Structure formats: structure tokens, C-alpha cells
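What follows is a set of structures to go through.
Same chain, two partners: chain A is paired with chain B first, then with chain C.
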Partner chain A sequence: MATITLKPFKTPELIIECNNITPDAFAGKTPAEIAELEIFEGKVREKLGDFFSVTGSSGKTAAETDILIDGDCSRVKYIGSKMTAGTITVNGNADMYVGGWMKGGKIHVKGNVDSFCGIAMEGGEIEVDGNAGNYVGCAYRGDWRGMRGGTIHIHGNAGNDIGTFMLGGTIIIDKNAFIHVSTHAEGGTVVIKGDVEGRVGGQMVKGDIYVFGNVQYMLPGFKEIDRVRKEIAGESATFRQYIGDLGERHPKSKGKEIYANLYVKASA
Partner chain B sequence: MPKWITQVGCPYCGSSCDDIECLVSDDGKKILETRNACVIGNEIFHHVSSPDRPKRPRMRQPDGSMKEVTYDEAVDYTAKALIKAKKPLIYGFGSTNCEGMSAVARVAERAGAVLDNCASICHGPSFLAIFDNGYPSCTLGEVKNRADVVLFWGCNPMHAHPRHTSRYSIFPRGFFTTKGQMQRTIISIDPRETDTAKLADYHFMLNQGHDYELFDAFRTVLRGHDIPAEVAGCKREMILEAAEKMKNARFVMIFFGMGCTHTDGRNHNVDIAISLTRDLNTHTKASIMAMRGHYNIAGPGQVWSWQFGFPYCIDLSKGTRAHMNPGETSSVDLAMRDEVDCFVNVGTDAGAHWPIAAIKHVKKHPVITVDPNICMASEIADLHVPVRVVGVEEPGVVYRMDNVPIQFKKVIDGPEGVPSDEEFFDKVYTRMCELTQTEPIWVHVKEHAKASSSLEH
Partner chain C sequence: MAEILIKNGFVIDPSRKINGDVMDVAIKDDKIVEKVGSGAKVIDAKGKVVMAGAVDVHAHVAGPKVNAGRLMRPEDKLFKSPDAQEHYRMEMGFSIPSTFKTGYDYARMGYAFVMEAAMPPLHSPHVHEEIHDTPIIDEAALPVFANNWFVMEYLKNNEIDNAAAYVAWIIAATKGYGIKLVNPGGTAAWAWGLNCLGINDPVPFYDITPAEIITGLIKTNEYLGLPHSVHIHQNSLGDPGNYTVTLDSLKLAEGVKARNKFGRDSVMHSTHIQFHSYGGDSWANFESKAKEVMEYVNTQKNITVDLGCVTLDETTTMTADGPFEHHLNNLNHLKWANVDVELETAAGVVPYVYDKNIKVCGIQWAIGLELGLYAKDPMRTFITTDHPNAGPFIRYPRIIKWLMSQKAREATLDTFKYKDKVIDATNIHGMDRELTLYEVAQMTRTGPAKALGLSHMYGGLSAGLDANVGVFDLNVKNMPSDPEMIEKALLRASWFIKSGQIVVKDGEITGHGNKRTVWVNAKVKANPQVTRDINEKFLKNYTVGIGNYPVWDALAPNPLVIDIDAEA
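Moving on to the complex of A and B:
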């Protein structure tokens, strides 16, 4: 595997939009060619080399290309968006749209990410060591087809709107989340190892949610039906199983209505 | 002899009343009296004749004072600031006509700006919900003639839309609602006992910020499932009773306001309200409507959706590829994240309505306010450009809260030499094209359209 190292040396005045920081765009290019790639600061076209020093070498294909961003990207949007293969490692924070519309490969952000991380993701893996903003693995505005595949693992906290309109894939939040988990979801799995304030599974049709901590405000459309033992995200526990959202439409299979499942860890 | 002018449109709230009558002085320059307008609307008609009103642009000087400049200088300053900025933000449009909005949109496209309107801090979340879930709405005329159960969710028209209840929603006698208020069941959902709540048959004093749970409870009940004994601080029995009332109604109307769109969950509160409306339609007829705040705040949604495909938060910095994603391209978020380097405030008062921290961020860069009046935004601006008051001194098309277009009239002449929003921004557009040596295509298009419409007549 060949590695390209980007080192930020200039903080942009506004925020830069770097749709080109992907293994797909870097593959088969020399560092000099990569430094020429187009980025935007507002309406101004600039070059990647205006903000980052580029060293190392890229692979022939995206799958053979690793990108290491050695520094803070708090003011860099769209890192790894629409990537299909290869890896990106960010030694610092990243701004919005990390791994948005991503189809494959792996992104590892060692700091925090801002909102819209993994928006409309289809495959691949995102790992964030710090916290995430709002809209982790959500759908784009107005799209009823949200995250379809892949895994997002946030080791810290996340904000609101996690997995909105989710159809597939897995989102794991190691700490707490705020409100609106899997709203409108029709599939997929969300695991929250900490607490959630509320609105878990609102308007949810199908899919699973696991909460290891406390759900402060339970939605009235969820009904407890059972206690089950489950193993998820490397942990085994006894959960109270709820079905819902009873206020929402639900498809039928073999004459029986299919509901979404919410598993809340039972206190010992 | 002073003259009464009838069927005048009121440039205040989203009800956009079009039955105002104004008594105009002999010289056609002053409004002496109004009929039918609410207390706030009345004030707007009289306010235009205020002697304190600014009549020339004022530019901030190095010592911090404001100095009068000519309109040409103001046009030049605005054009240059917009060209120089990497990502200008043009925001406002609560109080102007569609012609003005269209002119500003042409400037925004030329400037590669972000174009946003007050919906961003108001009913913007409703748009997001509408994108996600549709908008089963109707006109206010249908509400007047048909609605027999009316819900006011997180809104207080008695204060914010003073004539809404008497013209459309509670009191009027309509075609199928001949008994007026006697025939209507009013449900108010508000954590406070507002003046609208006092008029209601049912008042759900829910816990603040728990609207989503209460909507979910109504939906769950409508599908025949049980709910907990208390939801969001409201008793199950009361929820069951109100749900039964809605099911048995002939026409249920849900009006929602800031209580839904600007508490936790925002667009999701409206989203589930739309789902509830859809559910109700399996039992009876039901419809939903946003209580839009200003007389033409539905206008930018209409005009810009036609021009760019999006109603608000439109990032035009990439030329023809318009991008919209509130949270990123919404005004306050852009300001808070230091993502804009020029701010143009048109026909609204960002100084009064925005968080002070956001204003502090935009103040690092040129701030231009285009507004007829002295307001907080004009006082913090580097350039204040007064314009004519739409609906009083300037005619134009406005969209009422139910997206019905209404042609507003001119009642009196504006102060001499003061342009309309449209005239001012067309000049800015032309000046920008001069400075960048590009073809002012939209000016040609407008002239061509004018010429062909005069031929038709």
C-alpha cells in the first residue's frame, strides 16, 4: 500500500471544501499533481497545495492508496466523501461531511467530527475517536433513502438525528446521544452505549435500536413486549424489548405486522 | 379632498389581509386614516409618514459615525463588497415583494453568495419536514368555509396574526360553517396559557419541548393502540377525548408555529404533525398549514424554488450548482462558524433577531442593510440603504401564508429619489457586471420581457 501524507500548513480564512481528498481522486497521481487538485473556499477556486504539503506516493488504484492527514482539519469539509476504496486517517479533527455518500474503504478520524458524518453512506467504515456533531449517518434533506450500508463507530458522544431514514448498516455510539435516533428508519441497526434523552425510534417502521444506558423520555408509541438476551457490538446483556412506533404505518409479512425493535438494557 | 383607497394589502403578518382601506391626503403623500387593519398594521401605514425616516443611504466613517452618501455610491459600495467577498451572505426578505426577491436572487447568483431568508430562523424546519413528508395543505378560504376542528399547535395568532382568527380560523361564518365559532372546536397546544389558549375548548399545557411525544401519542391512539397514563404532561383521557373529536370532525385544520419549529426536534415536530394529518385523513378530511410570520415570507420560497430549486439556505458559491443543507448553509450557522465574509441584510432586522454572537461574527466583515427604517441591523451596518415600503409606497406580488399570491397596491408616493428594493438591486447587478466586464444578461431579459408584454397589450 502506498501512502500520501497531507500536512496542513495554513488555516483557511473561511472553510475549505475538499471533495477531492479521497483515495479515488489521489490514485495514480504524483504529489505534484495532487497538490494541483481543485478545492473551494467560498466561490474562490484554490489548489490543495495552497493549504497542504503533499508527500509520499499514491497507489495505482483507490484500493491501494492510503491517505494520512497529519494535522487539524477543523475547517476542512467533505474529507473522504463519495470514496469507494482505500483508507484515510486524520490525526486531528475534521469538519462536516466526513465520509458522506461513501461507498467503501475506511476513514479513521482521531479527533472530533462535525455534523453530517456518513450522510447517505452506502458502504465502508468510519471510525471517530472523539465526538460527532449532529446528523450521524442521516439522509440528505428530502431523501427518504438514508444510510444503506457500512459501519459508523463514534467512540465519544453524538448529537441529534442519528440514522434518520436509515435503511441498512450499523451505527455505534460509545457514549451518549441527544434526541432523534433512527427517525423514519426502515432498517439498519443503531447501538448507543450511553444514555439518550428521548425520541428514540420516532416514526420508525423497521430496524433495531439498542440502548445500553437510559432513555429519559420514552415515546408513547413504543410498547414493552419481552425480555431478551442479546449480543451486540461485542457485549452481551439482557434487554427489555419494545416494539413500535405503533403510531406509524408498518408492512405486513405472512399476515403479521412487522415492527421496529427497541432494546433497552434491563437494570440488573 | 382626501380620498379613500380600498382593497389595500397589509404589509404586516402572514395573514396578508387585502381588505384594508386607507384615507390618503390631497397631495397623495400622506395616509390620514385606515380602516379594517389591526393595531400593528395600522401603525405600519402611519409609520411611513414619520419625519424621522431616513431618505438617503448612510455610510459608516472611519470614526464610527454615519454620513449620508448618494444612491450611486451605495450601489458601488455594495457591488464591490459582493465581488470582493469569497462567500457573501444575503439574508432577510421578510418584508419585501417577490419582484425585489427576484432581483436580489440575480445579484446573489452573480456574487456567488449564499441566499437565505428569515425562514432560516422561523419556518425553515417546516420546509425540511415538507421535503421529507409532503404538505397536505389547503387555502385559508377552505379553513373558513369547512374547518370545524381547529388546532393551534405552538402558535398564538391572537398576538402574532391578530386578524387570523376573525378572518379565517375561529370566528367567521363560512359556507359549511354557518354558525361560526359556535360550530368550531378549538384545540390549543401550548405550554403557556396564551390568549389563543384562553379561547380554546381544549388546552393541552404540555411540557415545553415535548411536542413530538404528544404528536406520537395522538397517532398511536388513532391507530387503536394504548398510550401511557400521561404523555408530555398531558392526561391520557384528555388526549383520547381530543383524538375522538378530531376523528368525528368534518374537517380538521392544524396550524403550527414557532412552538414546533424552534423547540428541540424542529423539523421532526412538523414532520410528525404532517404524518398525523395524513393519519386523520383515513377518518375524515384534515389539512395542515404553517403560520408564516410576515406578509410575504412565503414569497422567497416560491420565487427561489422557481429560480434555483430550493426555497432557502441556497449556497450559490459554485455557480450553477446550487447547494442547500440547513445546518451548514443556514445563516446563523454560517455566521457562527465564520463561514461568510460579507453580510447583506434586506428587509428584516438580523440585528434584533439573531443571536448576538452570530452578529459579532458577521461584524468582522462588511455589513450592508437595505431597509426602509432605522433598526438594529441598520445601526450596526457599514452601509444603510433606505428603500420604499412595499405595500404602501411600492406595489408588488406577495404570497400569503397559504401560498396564495396577492397583488399588493401602492397607496402613496414614496419619498423623492428613494428606490424600491428591486430598483436598487437591479442597479447593483448592473454595476457588478460593469466591474467584472460581463454581460448583464438579466437586465436584457427583463427589458425583453417588458417590451413583449407591452406589445401584447
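Moving on to the complex of A and C:
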């Protein structure tokens, strides 16, 4: 494995869009070539080297390339966008669209991420040590094809609209989330270890949601059917099982309607 | 503008039966001429094919439903918008491109004229605003009539002269071009959640049938002597087994003669006939009836059709056939927009993915191409995708590739998940007809120009016609063995000259052209009855005043008006 280290040395005036910070774009290139890669500041084309110093060496393929961003990326968007393999580590915060449309590999952000982390993700792994903004693992605006695979693990809190139109994969939020979880989802699993305010599973067709804390306001489209013991995200607990959203269409399998499941940890 | 000489190309001009002769084409200002002086700019077309600017008979490129599609589908732009050409406008979207991308991409394919296929009269100002914003290509728009209260009332009583006076008023007020019918009666029924699936189903609350509406509007069209025939999207679109409805409605044109001064022979244009050539009685036994439909069309000289080929893309369906879009939404559960246009029509919009892993989509793809291959008269069969319903218009070169190459068709068939089932339900496998470039020129240029009554301007390269000339990198004497090269050459013209101005060079836009809005002004004798009816409906039923209804001249700042006198 070979590591390329990027060190930010200049704060951009506008937030920069760096779709090229991926192992795929870096693989097989020298640091000088990587510094020449195109980025956008607003509508102006600039170079990666205008904002980051580039050192180290890249692997032959994306899978053999590790990227370390040693500094704060609060004003850097689209890190790891569409990446297929390799790793990216950010020693700090990152702005929006971390790991968007990602297909494989791993991204580890040691600070916080802004919104749209893992948007329309298809595979791979994203780990965030801090908090996430809104739209974790959601679909692009207007699209009905959200996250299809892979794992997003947020160790802190997350905002609203988690897993909108989700079709597969797993999202784990270690602390609390706000509103709109798995809206319109047709698959996938969302685990929230803390509390959620409400609107959990609205218009959800298929898929699973686990809440270890409290759902402050339950949607009326969910019906409690059972109490089950489940092990999820490394924890075992007894949950109240709800099915829903009863106001939405549901596919049939072997003559039986398939519902989405919402598991809320039983208090006692 | 000045003089241009396109030298030594292989000229294909079916209007003069010229098939690949090496000739020069001379242009002076905005017209084709016999010869030009020695100072003319010379374009070397040696080894390349030279054809007239193409004419699209049916596409949805401007107006409220196109814009509704743009609004509800931001994802249609994501990763599908190319970088802007320097000094030119941003180009966005795929199936519902921005107006600029629409103009640019048509020009890059050598198109000179595009017909917006369904203009809701009430929203005609919006249609013209978008037409005005679409650069380079000349455009016209067909107002929809077959679910209009006035039309149904007049035709119920067989008052053709009143219907004609009303239609002439609407066409002039909306700066429209002709008479479009969409799901006759069915869209009116949709206001009550109903539909008319056969041509003899009575329209609820109106005491008229779709067959009577079609027959009445054909009579109205020929009474007025409009340049184009009636342009019909039939009942029961997209339903398995609908080919019998199609044949029933086509038969309504039997024995009717065209009456016009524009050289048009047809009295009915049946559009996107692919969607109307379905057999079976469910999606399980869905099959092609392209042969049955086209055999009838081949015998009827007064009918023209366009194909509406499925291109196997993710696209956006949009039609004034409101009930159909509801039906489609129940099938695919994606987004749905629905609108009622008071007194006149309705519309719906639903995204759709023609997936080659779905059997029905594969069969639809085959039906569109079979229709083109069974056609005996390319002058009456035109290439379309019903843009964007069966696929975006930028796929026309791909359809031409499939029609010109059995190898390309079989290669696509091989990619289908349910190839064997598609082969069982269609005739495409083993069809060995391969269209020639001459036939393609008939289907995309000379034929549609004639059916639209525009042969005096478009569709050929005779002296006196508009100087719309495309040069494509195809050697007709030595056609490439790789069918992909056909698509590549036709997608990006080497040169395209629109109204005497070079607007495309090497596939890149080089000018914004001199875009015109074509519309028809039909003169009829004063009809106090119809004038009274119009005023009364605007007072009682419309939500707008009559003074705010017509399209004001500023929206068509570069008009090309075709005046006709119905009484002459």
C-alpha cells in the first residue's frame, strides 16, 4: 500500500469542489501530477496543488492507494465521490458530499461531516468520528434510487432526512437523530442508538429501522405487532416491533404483504 | 450571410431522386441557388454525404408539460450535463434538456425544423416563450383539439363550418400550426376519472364518440385546407391488444381526399405508432402487431405515420393523455404530475426506465423498429422517438443505425435478459431488411416536409428552398462495416448550415442561427355564431379573459406566417 498525503495550506474563498480527491483519480500518478488535478472554486477551474501540498506516493491501482488529508476540510466538498476502492482518512472535519455515489473502499473522517454524506452510495464504508449534518445516505434530489449498499457509521449525532429512498446497505448513528428517517425507503437498515424526534419511516415500503432510544412522536401509519429479541450493530436488546407505513403500497411475496419494520427498544 | 459552395459531396436528395451523386450545392444568403460566384466560401465535402436539413414531425420540446418534467426531475441533469462550449450557453439535462441543449443538439444532428407536438391552447404563451428560447431550429406547435368543449359541441351536431371557424381562430390566437388529437374524448373523460379506450365508447357527458371527433376533425382540417393533416395520438395508447383500436381509427381516413395547396396527399398522420401496435391481452402475453398495422398503412396512401421508437433509455414520459399517465404511474410507482387544462385538455408526466432486462421493454423496442422495416413507403413513415416518451431525440442516429444494420439490431437483442421471450413475441430476429441512407433521408427529410405541407421550404436541396444543408462524415460508396460509425456520423454533423448560416462545424456549435417560429393564419368568413360562443365561454367558463388569451406578437419575434384562405 502507498500513501499520498495532502496538507491544506490555504483556506479557499469559496467552498471548493474536489471530486478528484479519490484513490481512483490518484492511482498511478506522481505527487506533481496529482497537484495538477482539476478542482472547482465556484465556476473557476483551479488545481488541487493551489490549496494542498501533495507528498508521498500512490499505488498502481485505486485499491493500493491510501489518501491521508492531514488537516481541516471544512471547506472541501465531494471528498471520495464515486470512489471504487482504496482508503481516505481525513484528520479533521469535511464539508458536504463525503463519499457520495461511492462504490467501494473506505473513508474515515476523524471530525464532523456536513450534509449529504454517503448520498446514493452503492458500496464501501464511511466512518465519521464526530457528527453528521442532514441527508446521511439519502437519494439525490428528485431521484427515487437512494443508498443501495455499503455501511455508514456516524459516531456522533445526525440531522434530518437519514436514508431517504434507501434501497440497501446500513446506516448506524451512535447518538441522536432529528426527523425523517428512511422516508420512502424500499430496503436497507438504519440503526439509531440514541433518540429520534419523529417522522420515522414515513411512506416506507420495505426495510428496517432500529431505535435504541426514544421515538418522541410515532407516525400513525405504524402498528405495533410484537415484541422481539434482536441483535443489531453489536448490541442485543428486546424491541417493540411495528410494521408500516400502512398508508403506503406494499409488495407481496408468496401472497403475503411485505411491510417495513420499525424496532423500538422496549423500556423494561 | 453570403455565398457558400458545398463541393463534391455525395448528395442525397429524394425530392429530386438524387441518390449519392457527386454534386455541388450552392447557397446564396438564406436560399439554395443554382450557382454562386467565385468568391463563395467553399466547403469541401469530398467523401461525405450531403443532405437537406432534417424535419422532425413530432417531439415534445417546449411548453408547460416539458417544463413540469424539468422541474420534477432534477436527477435528469445529474452527471448528464456536458460542459458548456466556450462562448455558448450551458447545456443541461438528458431526456428533458434545457431549451439551449435542445436547439444545439438538434442542430448538431442537422435538424432544421421541429414540430412541438402538443400545445395546450390556454398555455400557448408559455410554449412560445420556450420556442423563442430554443436557438437555431425553426419550430411550430400543434394545438390540441380532440377534448375541447367547443369542438365536441360543434362536431356532435356535425357543424363542420363552425368547427372550422373555431379551429382557425384558435390556431391564429395560439400561433399554432394545425390540428392535434390526443386520446380523442378520453382526456375529456379523465376530468371525471374516466377514459375512452375504444373509438366507439361514448365520451361521458358529451354525447359524442372518439370516432365522431376524429372524422369531424379530418373534415374540418380539409375544409380549412391546412398545410398539415390532422395529427392523431389514438385512444388506448400503450395497452396490450390496442392494435385493433389503431386499425379502427386508421380506417376512418379511408376514401378521404386531401384538399390543400401545399402538395400534401395525406389526410391523417398517426403518431408514435409503436405505442399503438400491441397484441396480447395482458403484459404476460404482450406481443408485436407491427406487421398487421404496417400492412394496412402500406395500402392506404392517404395515411402517414411516425414510429415512436423505444431507445432503451431512462426517460420522462409526458402527454396530454392524462389517464394514460395515471395508468403508467400505477405500473411503475415513480413520480406523477397531472394537470387539467380548463375546457381544453389535460396532461400528465411520469419518469420511465426502458430497461433491457424487462421483457416488455424489449418487445416495445422491437415493435418500433419492425414498423420501420415493414414500411413499404418511406415517404410516409417518419423516424421519431415521440421525444421524450419513448426516448430522447438525441437517439435518432441510434435508431437509424438499427434500421440500417441487422448486425446492430442483433447485437442489441443479444444484450436482453429475456432475449428468447422477446424473439417469441416479435418478428425482429432474422429480419434482414436494411434501410439505405436514401430511405433514411425520405423518412427524416423529404417525407415529413411533405406531410407537414412544407416541401416549398424544407426537405430538399433544389434551388429556391431554404438553405438548410447538413454534411455528414459517411461515405455512401463505401459505408462503414461498423454500424456504430453510422450513429457517430449522424449525431455530430461535420457541417450544418441553417438558413444560409454555418451553425455547426465538426460537431460543435458555431452560431445561434436565425430561429423562426412557423405558424398558420387561416382566413375563414366571419362566423357570428362562433364569435358569440367564444365570447360567452370566456365570460362564463374560462378563468382568463379573452383579451389575455392570444399569444402576443412579441413572443414570436421572428415569425414565418403561412397564410391560407379557406374560402378561396
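Everything below uses one rule, namely that the second predicted complex is superposed on the first by the 268 of 268 C-alpha atoms of A that agree within 3 Å, B and C clash if a C-alpha of one lies under 4 Å from a C-alpha of the other, contacts with A are read in each partner's own complex, and residues count from 1 in each chain.
In this section, a residue touches a chain if its C-beta (ideal position, glycine included) is under 8 Å from a C-beta of that chain, and two chains touch if they have at least 3 such contacts.
None of these values were measured; they are calculated from a predicted model.
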{"item": "Clash or fit, chain B versus chain C on superposed chain A", "value": "clash"}
{"item": "Partner chain in contact with A:Ile34 - chain B first, chain C second, else both or neither", "value": "neither"}
{"item": "Touched partner set for A:Leu219, first chain B, second chain C, both or neither", "value": "first"}
{"item": "Which superposed partner A:His180 touches (first chain B, second chain C, both, neither)", "value": "first"}
{"item": "Which of chain B and chain C A:Ser115 touches, first, second, both or neither", "value": "first"}
{"item": "Touched partner set for A:Ile243, first chain B, second chain C, both or neither", "value": "neither"}
{"item": "Broader residue contact with chain A after superposition on the shared chain, chain B or chain C", "value": "B"}
{"item": "Partner chain(s) touched by A:Arg141 [first = chain B, second = chain C, both, neither]", "value": "both"}
{"item": "Chain B region in steric overlap with chain C, selected from 131-139, 365-373 or 419-427", "value": "131-139"}
{"item": "Intersection of chain A interface sets (partners chain B, chain C)", "value": "140-142, 144"}
{"item": "Touching residues on chain A, where the partner in the complex is chain B", "value": "13-15, 40-44, 96, 115-116, 134-135, 140-142, 144, 160, 165, 179-180, 183-184, 198-199, 202-203, 217, 219-221, 223, 245-248"}
{"item": "Residue numbers on chain C that touch chain A, as the complex places them", "value": "72-76, 78, 333-335, 351"}
{"item": "Chain A-touching residues of chain B, taken from the complex the two chains share", "value": "85-87, 111-112, 128, 131-132, 210, 212-213, 216-220, 222-223, 225-228, 231, 264-265, 268, 271-272, 275, 279, 317-319, 324-328, 337-341"}
{"item": "Interface residues, chain A side, partner chain C - complex", "value": "140-144, 249"}
